[in-house]
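Think of it as A, B, C and D in the order they're written, each chain with its own count starting at 1.
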């Protein structure tokens, strides 16, 4: 990293910074210019908070040079991580289409939609059993009963099941039923939960927080991987901007960037990313064209009766149209 | 709420929307204009997700008219909520100054700084026992040992203690030691945690999430209050914007807005809100001038040695300067 | 529009609002609920600022129902606008590839790159003659000499030329040389300039401002169209968000949204939208897949020697690779 | 600046970067670490675009160390700039209160409100003669007639007049009538206009663009100052964020930051910054408490009849209340 000293920093202040850096095992290059002194420091940034330097007297700013993540970085591991899920895998080149309703609403309805999306081309199932909502007065999910329904749907369809875990207390419970654990956008920096899923054998879909930078998102993955679970799948689902026409602004450039900075697979959720079902198909096409490893699509028999996220859900017929079309947009020779 | 139908919505589509609204006990006013039909619906929005309407065929958009929160709204309760904390209270007109280091680093250091900030004018103590960080390789807090040190500091100084609870499993533990439980910005929409602190007898400081709208922040408070705990203190701590010079952009207009929409007290954290100690004093002055009920200030004996948030921490001397100056900026006759 | 009155609005206040609305030729529907009175108003919103209503006593908020734009709206004109440019046109289904350097740097270099991009598949040329920069100390463009070079390049290649006009004083000058006038992102709300290009016979590329909502962007187009120039091409080029890895966040969902709300063609600029040449190809693929009518690509013989925007410029070879690949991603049957 | 090379950058690539830096008269410090090579470059950044470096092969990123502005920087000039305006000045410690309606609507109404705000404590007058609006169908201003009314109001009240110039063609015209020229937020990066007002003898109020970083805002001031006009007054008026309750988010931390980075005075516009008259007084108090040199307040005889910006305008009575209260919040001993 680079420590830029203030114009009038004293020799004592410059010396103190160097001392502190040496204590943390950094190698130091001092560069005393006409206008100010700059201290270069080479070492293992991942073990140190840079912040302590900014608090030292005479320091103007600290500029990190290296990225703060290690195990997830492309430099640490050049080949793509391929995450095994049931009989298939994510990140191997084949496009995964994860589909289903936002919430598991009843056994009958879930088993029906699971069969419908399978028939129309889904390769994995989704559906939430825990659904805490922004309003305390809304539907909150079927909880363990929902997990059992998900497991039954897997038996019937043979497709693996992705479902959200919202709370470290229920990680074991969810892991008992699901094939892939999903960390929701609001929990992306719930470090207790990240640590807990780091200790589990099941793969993890890690959604990007609505105001998370790419670096913060990757650091959240680093939490899971450094806890012992290498099977993290990144999921772009839109960020919050000033635009209000769409629910979020889907940042598709995050796909090539995260694939360049890390070795992890990246999938895209155009349903939450736009909040409007009419935008789901064009944005799914774009997500595939940009090079993602899979898409996550909300589908409901009757979006107008959905207990959650109806406006962004496709009908089974619209979903069939989307799937038909999608693989054609894959870039085979992507680097 | 108002449901705007598409230009070419059919009679059947218009009828269906009305049916669904009646089923949810809304009263309906139909207005058929030349260009389009508009359906007004009067009823209890708090029990219904508006989303289901947007998913109905022929609906262009749904415009909420009433706010989605009830118990926390100024309309529900006209008088200010005054939250009792130890021998004092927040929201009664006296300015609370909550001070201390970001993290409890050791018994000796915490007891020392607690005495120092008390002597210089702090009215409550702060300090974190659980410190999960964005990097898994950073200091993570003293946990229960830290809570015991906080309790000891309360004995010594007589000042109430505010500390963060990050995880629903430790709510009871933290409540045993602390006077006020803090919900951090990243947990503002951790609904499991909100529900849990709703069942506790201790007051709750609820920090605004970095990308939360005012309505979402108030809805999070509604979770706690509707769970049975009326003693919520809102804490503005900055939102994420494109500006990078400051760590966050402190949105001081949220203070008068939240005080107008709700009856809850509002405090401001200029330390996290700016991320730079030099900005803490001017922004604390501004926060008091705008009408907040208290400020939360990070203070450390030696910011350059702090394990966390050094760059935004004041020295005890700077803190003394700030306190001396602060009450002068209070607006007594504020409406 | 809907005017929501405050809970305790008096009869006189309610009457005043109705009077003012009638004066503006709105039809009124009064709805007096238990909790508050709501006034619906039907009429021509485009001629009135809604703001005046919000300033009336007793008004809580004003909710617009209809969009504020008319001539550009899909409701006003159902068929797509097809903009004729030279022998070709934008918006007819064929993908336009507009390529060239950020700035015209010299006659020799521009004529060379123009020939190179034509040979590799460009269908139009781009290049700036006026280049005011964020720093007053940077290269500022060749001005009229640059325009002459652009015209010469058109003669040589037969391709139409797109170039920016930055200032109403030079609209006539630029229109004399260019085939298409570009309004830059920073000028999207320069209403003097919009009015001036509304009076010109040449088509206009209107870039989205970095913090413009979709509605504001469309209103800027409405300025040009209402001034008499129907040939507006919308250009998405990214918005400013908290993410700093990319120069802007390219909002690809704006393509289907603007095509749904208006009848105008939409092109995408992935060079400015990302600021990094490695992201240009994947984002161009995604832009085509989402349904845009053209892409604008910065190409330079030697990006490392470019006087402007080098980091986001493709080499001619990379550009050739991009073009080869691009039309395959077009969705033919797009609705 | 620091150039970070890619992990596998070749010797030739490293050499090329050094050559290019030497050509621009930078001094070079090479630091070859185990993981990557870092090149430090010391020289005059203000004359060079850093971008060209990022386009060189093998370069990972370029990190600027020094700020890009010179003449406006606190390092260039330690003492505060005090801008003379008529008989008074901005930046000398006395609080300026600039008040008046958004637009000059008629001679009679403007002269009346000018007298009213003077009587209630205004020290300067404001009012727009050119009012291009986001809708082409709205009121567009009285133009030169409006300027004459402003000049007449100055005669009557003795107060200096601030008014916006929107277009380089009318700079001379506006400068003939006004005491201070205002550059509006949407024109903050209209470099033609900035250059033009740099050649004028009148002081300039430079509003911050709604999505401008502090550095971009200061660079816009650098344009004016480097053009020969040292009398620039910075005006914070809010930035665009995801929050929609307020029209903009007033970023009060910009006041101490700009005063630290530059020597220019800073004023605050809480009327545009919030868009709601009820928030104007508390935010004006906060602006004064944070240390600004003046506030700009919209006042209208009858906000409900205002042709522009009614909802954020104070009545003369509310303005009187605000002024009475305001100077009490000044921090005298501010550094």
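Some observations on this one:
The rule we apply is simple: a contact is a pair of C-beta atoms (placed from the backbone, for glycine too) under 8 Å apart; a residue touches a chain by one contact, two chains touch by 3 or more.
The model shown is predicted, which means the values in this text are computed figures rather than measured ones.
Two copies of one chain, subunit A and subunit B, touch each other, and the residues they use overlap strongly: the shared fraction of interface numbers exceeds half.
Ranked by separation of Cα centres from subunit C, the top chain is B. Mean C-alpha positions place subunit B and subunit C at a centre distance of 38 Å.
The distance from the centre of subunit C to the centre of subunit D, each centre being the mean of the chain's C-alpha atoms, comes to 26 Å.
Rounded to a whole number, the gap between the C-alpha centres of subunit A and subunit C is 31 angstrom. The multi-chain contact residues of subunit B, meaning those touching 2 or more other chains, are 211, 240-242, 244. Put simply, subunit A touches subunit C in their complex at residues 211, 213-215, 239, 241-246, 249-253, 255-257, 260, 273-274, 278-279, 282-283, 285-291, 325, 329, 331, 334.
The part of subunit C that touches subunit D in the complex is made up of residues 16, 20, 46-47, 49, 51-52, 54-57, 68, 132-139, 166-169, 186-187, 189-192, 195, 209-211, 216, 219-220, 222-223, 226-227, 240, 277, 303-311, 313.
Residue ranges on subunit C touching subunit B, taken from their complex, read 2, 4, 7, 27, 29, 31, 33-36, 38, 40, 42, 63, 65-66, 75, 240-242, 244.
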